[in-house]
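Worksheet: the structure to be examined is printed underneath.
Letters are used for the chains, namely A, B and C, taken in the order the chains are written, and counting of residues starts over at 1 for each.
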Amino acid sequence: MGDSGFYLIQQLLNGLTIGSTYALIAIGYTMVYGIIGMINFAHGEIYMIGSYIAFAVLAALAMMGIDSVSLMLVSAFVISIIITSTYGYAVERVAYRPLRNSNRLIALISAIGMSIFLQNYVRLAQGSRDIAMPGMISGGWTFGPEEGFHATVSYMQLIIFAVTFIAMTALTLFISRSKMGRACRACAEDLGMTGLLGINTHQIISITFVIGAALAAVAGVLLGMYYGVINPHIGFMAGLKAFTAAVLGGIGSIPGAVLGGLILGVTEAFTAGYFSTEYKDVVAFSLLVLILLFRPSGILGKPEVEKV
Amino acid sequence: MSECLLDVSDLSMRFGGLLAVDQMALKIRPGEIVSMIGPNGAGKTTVFNCLTGFYQATGGSVQYKGQAIEKVPGYKIARLGIVRTFQNVRLFKGMTVLENLLVAQHRHLNTGLLAGLFKTPGYRRSEEKAMARSEFWLDKVGLTEFANREAGNLAYGQQRRLEIARCMVTQPELLMLDEPAAGLNPNETAELDQLISDLRRDHGVTVLLIEHDMKLVMDISDRIYVINQGRPLASGVPEDIRNNPEVIRAYLGEG
Amino acid sequence: MKSLRYTPAVLSAVVLLVLTSLMMGVRLEPSGVGLKVSLADPSSLFWIAAGVAVVFFFQLFRAPIDQGLSGIKQQLPSINAAKLIKATEKKEAKTLLICFAVAGLMIWPFFVSRGAVDLATLALIYVMLGLGLNIVVGLAGLLDLGYVGFYAVGAYSYALLNQYLGLDFWSSLVLGGFLAAFFGFILGFPVLRLRGDYLAIVTLGFGEIIRILLNNWTTLTGGPNGISQIPKPTLFGLEFGRRAKEEGNVPFHEYFGIDYSSEYKVIFLYILAVLLVIATLFVINRLLRMPIGRAWEALREDDIACRSLGLNPTAIKLSAFTIGAAFAGFAGTFFAARQGFISPESFTFIESAIILAIVVLGGMGSQVGVILAAVIMTVLPEFAREFQEYRMLMFGLMMVCMMVWRPEGLMPMKRPHIKTKSSRSESGSPVKTASLAESV
C-alpha cells in the first residue's frame, strides 16, 4: 500500500469519527419524527448546549485540581446529559406540546423560533466568540510506512467510536427490551391508538425528546473535546448535517440514522480530503437534496403511503 | 364495448403483502347511476383511489372513453371529466364557500398572469362566467345565503352538498361520490337522493356511488356492484342484489 | 386552597434552575492556554432567581391566571375586527385613505432627519421581502427557509451586471427580478414535489449553498470581501452625487440649479422604495383575486382536493415559488443600490428567519399585518439601542409565542367578500353587471 492508500484510510477514519457523532444527533431527529412527525429544528442547539455544559464541567474540575481523566470524562458526560436532557424536555413542553394538534407548518415555525431563541440565549450568556479548551487526551496509534504518509487513529477517535457504540447498544436494548421502549415503538406505529390503549402518550413523547437530547449531549461532549473549540453557532450546521443523515438513512428508522450518519461523515471527509474543505457543506446539502428527490424514504425507511 | 364510459377490468391493488383490491371489474355506461357496496374494508375507496389516479393500481386496466387512464396522474384524470368527493369531506376549509367553487373552475378559467394583472376583457368575461356558474350551483344546493361564509364553518350536511357543487362546477362527465350520505339525517338523505337524480336528469352526469345507506342505493341505482374482501362478489340490478344469498351472507356474516 | 398547585410549581422552578445553572449561572473565560469557569456576574444570577420565582408563582396560581387570560383573549380580536371592518367598509373611503397614506409617505421625509428616512427605507425593503415571502408561506403554505438566497441573487445580479457589463440600476432591477425568479423556478422544479417540512429543510440548504458559493467563488464575487462601489440609482440619468461619475452626466442638483445636499439622495432612495412597495402591493392584491391566487390558497388548505379537481399542484407551487422569488430579487437589487456594498454576510439564514418572523408576526396571508410587522421589527430595535443585543432572542421567543397563542398573527387575513347577484337583488340596490368582475 502506498501513500495514497494510507491517505484514503486516514480520510475514512476521520469520516467515521464525525459520522458517528452525526449519527448520535440524527437519532434525536429520527425518533421525534417517528413519533410525532415533526422536525425538531431546535435539536442542533441542544447538541451545542451539551458541548457548553461539558466545557463548563471540565473547566470547573480542572480548576478544582482534579486530574484523573476518566473521572473528568465521566462527570462531563453525566452532568451534560442531565442538564441537556432537561433542555430537551423543556423545549418539548413549552414549544411543541401546545401545538400537538395543529398544522405541521405551525409546529415547524415554533421549532425554528425555539432554535433561534436557544442560540441567542447561549450567545448572550457566554458570548459569541470561540471558546477553546486544550486537548485532554492526546496521542494515538500510528501506522503506515516508515517514510511517507502515516495514518493515525487518535485515542480521542477511539473514545468516540467506543462511546458511540455503547450509547447505540444501550438505546437498542432500551427500545427493544424495556416496557417504556415498547410503548415508544407503539407510539411510532400509531400515536392515537396507543393513547386509546391507556398509555400516557405525552409522557412517551417527553421521553423521546429526553433520549434524543441525551444522545445529542453525548455527541456534544465528544465533538467538543475532539475539536477543542465551541461557539453558539455550531448547533445550526451540526443540526442540519444530522438531519441530512437521518433523511439519508430513512427518517423514523434508528439503524437508518446510524448508517446515514456514517455515510455522510465519510462523504464529507472525502470531499474535504480530495477536493476542498470549503465545499464539504455544499456536498452534504446536495446529498440531502438528491436523496429527497430520488428516494425520499431513505436507505432503510419505509415508503409512506398517502392517506386519501 | 365502445358505448362504455368507464371500463375497468382485472383491477388489482397491492399494499405490501395485502391485496386490497383483486381482479375488480366495472363497466359504466353514459347516464347511468351505478353503486358500489360492500362491508367496511372491502376495498371500495381503494377502487376509487385507483380510478382517480391517487393510487397507481398494481394491475389491470382502466379505460375512460376508450382511453387508458390507469397510469395518468390524478389531476389529469380530473381534467378528463372524472371528479370525485371524499369519504371525510375535503373542502378548502379556510376559504369561503364561493371561493371553493371558483377554485374548482381553475382549469376553465383564463389563468394568464398578464391577463389577470391588467384585467383584460377576456379575463373579465371568464371570471364573470365562473361567478355565474358558481351562483347557479350555490342556488341548486341551497347555499346562496352562505356564499361568503368560511366553508369550515358550515354544518356537516351543508359541507357535503358544497363538495358535490364543487364537483359540478368543473362540468364533469363522471361524478364519483364516496359515501355522500354518511353522517346525514334521513331528511338530508332524501334531499341528497333528489339531488343525485337531478344531476343525471338535468345535467347528463354519470354517477358512480359508494354508499352504505341501502335505501338510498336501492332507490337510485340502475346497477349495483358488490365487493367483498377486495373481490367482486355480485353485480346486477337492485332487485337481484337484494335477493342474492351470497350478498346477504357477506353482510350478515357466515352461518 | 385547592387551586394552588404546589407540585408542578416546585418542579417547574427546579427545571428552570437546572436549565440555567451551568449556562447563565457560570461564565467560561479563556485563561492562558486553558479555560476558566467562574460564577456569572450578579445581574445574571439575579435574573435566574427572578425567573425561577416567576415560574414558581405562575405555576402555583396557574388556574386563576388561565381564567383571567381567557377573559382577555376573548376581548382582543373583537376590538381589532370592529376597527378593521369600519375602516374598509366603503370602497370610496378606502381609496381616499390609501391616497392620503401615500401622500403622507411622500411628504413626510422632507421634515425629518436623514437617519429617520434611511431607516424607513430599510423598513420598506423588509416590507417588500415580507410581502414576497408571504406569497410563498402565507398563501401557498410552502415554508421556504432559503428565501434570502433569492434576495442575494437580486443583489449580486445588480452588483455583477454593473461591474462587468456596466448596466445601470433600472435595467438591473428588471433583470435582477427575472434572474431571481429564474433561480426560484430552477430550484423549485425538483424540490416542490416534497412534503412541507422536507421542503423547508431543502430550501434552507439551497439558501446556504448560494451563500457558500458567493463566499468561495472569489474570482467572480470577491468572496467574503464582497463587492463595493455599487452605483446609486439615477433619476432619468441624473446622478445624486456631488459630481457626476460618468462622463457627460449631470448631477441632479446642477440640473435643477439647487445647492448640493446629500439628503436628496436619501429621500430619492426612500421614495423609490415607497414606489416599489406600492407596485408590489398592487401586483399581490391582483394576484390574490386571480385564479392563480385562489389556487395557492386552495393548495395550502388541501392539496388532495386540489388534485381531485384537476389543479396541478406542482405547477401551482412552482408559480408561487417563482413569483415570491421575483419579489426577493427586486428587493435585493434595491438593497444593493442603497448599500453601495454587498457581501455574503448580509445573506445568512438569520436574515431568512427575520423575514419569516415578519410574516408570522403580521399574520400569514395578511398584507396589512406583514407591513405593520416589518415596520415594527425594523424600527423598534433602533429606538431602543440596548434592545439590539436581545433582538434575535426576542424574535425567536416571539415566533414560539405567536405559534402557541396566536398562530393567525397580529392582523389575521380577511377573506374577500364577494357579492352575489342574488344577495344584491335582495338588498334592492341595482348594480351593473360590469362591476361583477371588479369585485371578483
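As a convention for this text, contacts are C-beta pairs under 8 Å (C-beta built on N, C-alpha and C of every residue); 3 or more make two chains touch, one makes a residue touch a chain.
This structure is a prediction, so every number in the text was calculated from the model and none was measured.
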item	value
Far-end chain from chain A, centres as C-alpha averages	B
Centre-most chain [mean C-alpha coordinates]	C
Pair joined by more contacting C-beta pairs (A-C or B-C)	A-C
Centre distance in Å when chain A and chain B are each reduced to the mean of their C-alpha atoms	48
Interchain centroid distance [CA atoms averaged], chain A/chain C, Å	32
Centre distance in Å when chain B and chain C are each reduced to the mean of their C-alpha atoms	42
Sequence positions of chain A contacting 2 or more other chains	306, 308
Where chain C touches two or more other chains, by residue	304
Sequence positions of chain B contacting 2 or more other chains	54, 86
Footprint of chain B on chain C - complex, ascending	283, 286-287, 290-292, 294-295, 297-298, 300-302, 304-313, 415-418, 420-423, 433, 436-437, 440
Chain A-facing residues of chain C, complex	15-16, 18-19, 21-24, 26-28, 30, 33-37, 40, 44, 137, 141, 143, 145, 190-191, 193-198, 200-202, 204-206, 208-209, 212-213, 215-216, 304, 349-350, 353, 356-357, 360, 389-390, 392-393, 395-400, 402-404, 407
Touching residues (chain side chain A, partner chain C) in the complex	38-39, 49, 52-53, 55-60, 62-63, 79, 82-83, 86-87, 89-90, 94-95, 98-99, 102-110, 112-122, 124-126, 131-134, 236, 240, 243, 247, 278-279, 281-282, 285-286, 288-289, 292-293, 296, 306, 308
Chain B to chain C touching residues, read off their complex	52-54, 73-76, 78-79, 83-84, 86, 90-96, 98-100, 102-104, 106-107, 109-111, 113, 116-117, 119, 124, 127-128, 130-132, 135, 138-139, 144-145, 147-148, 150, 166-167, 170
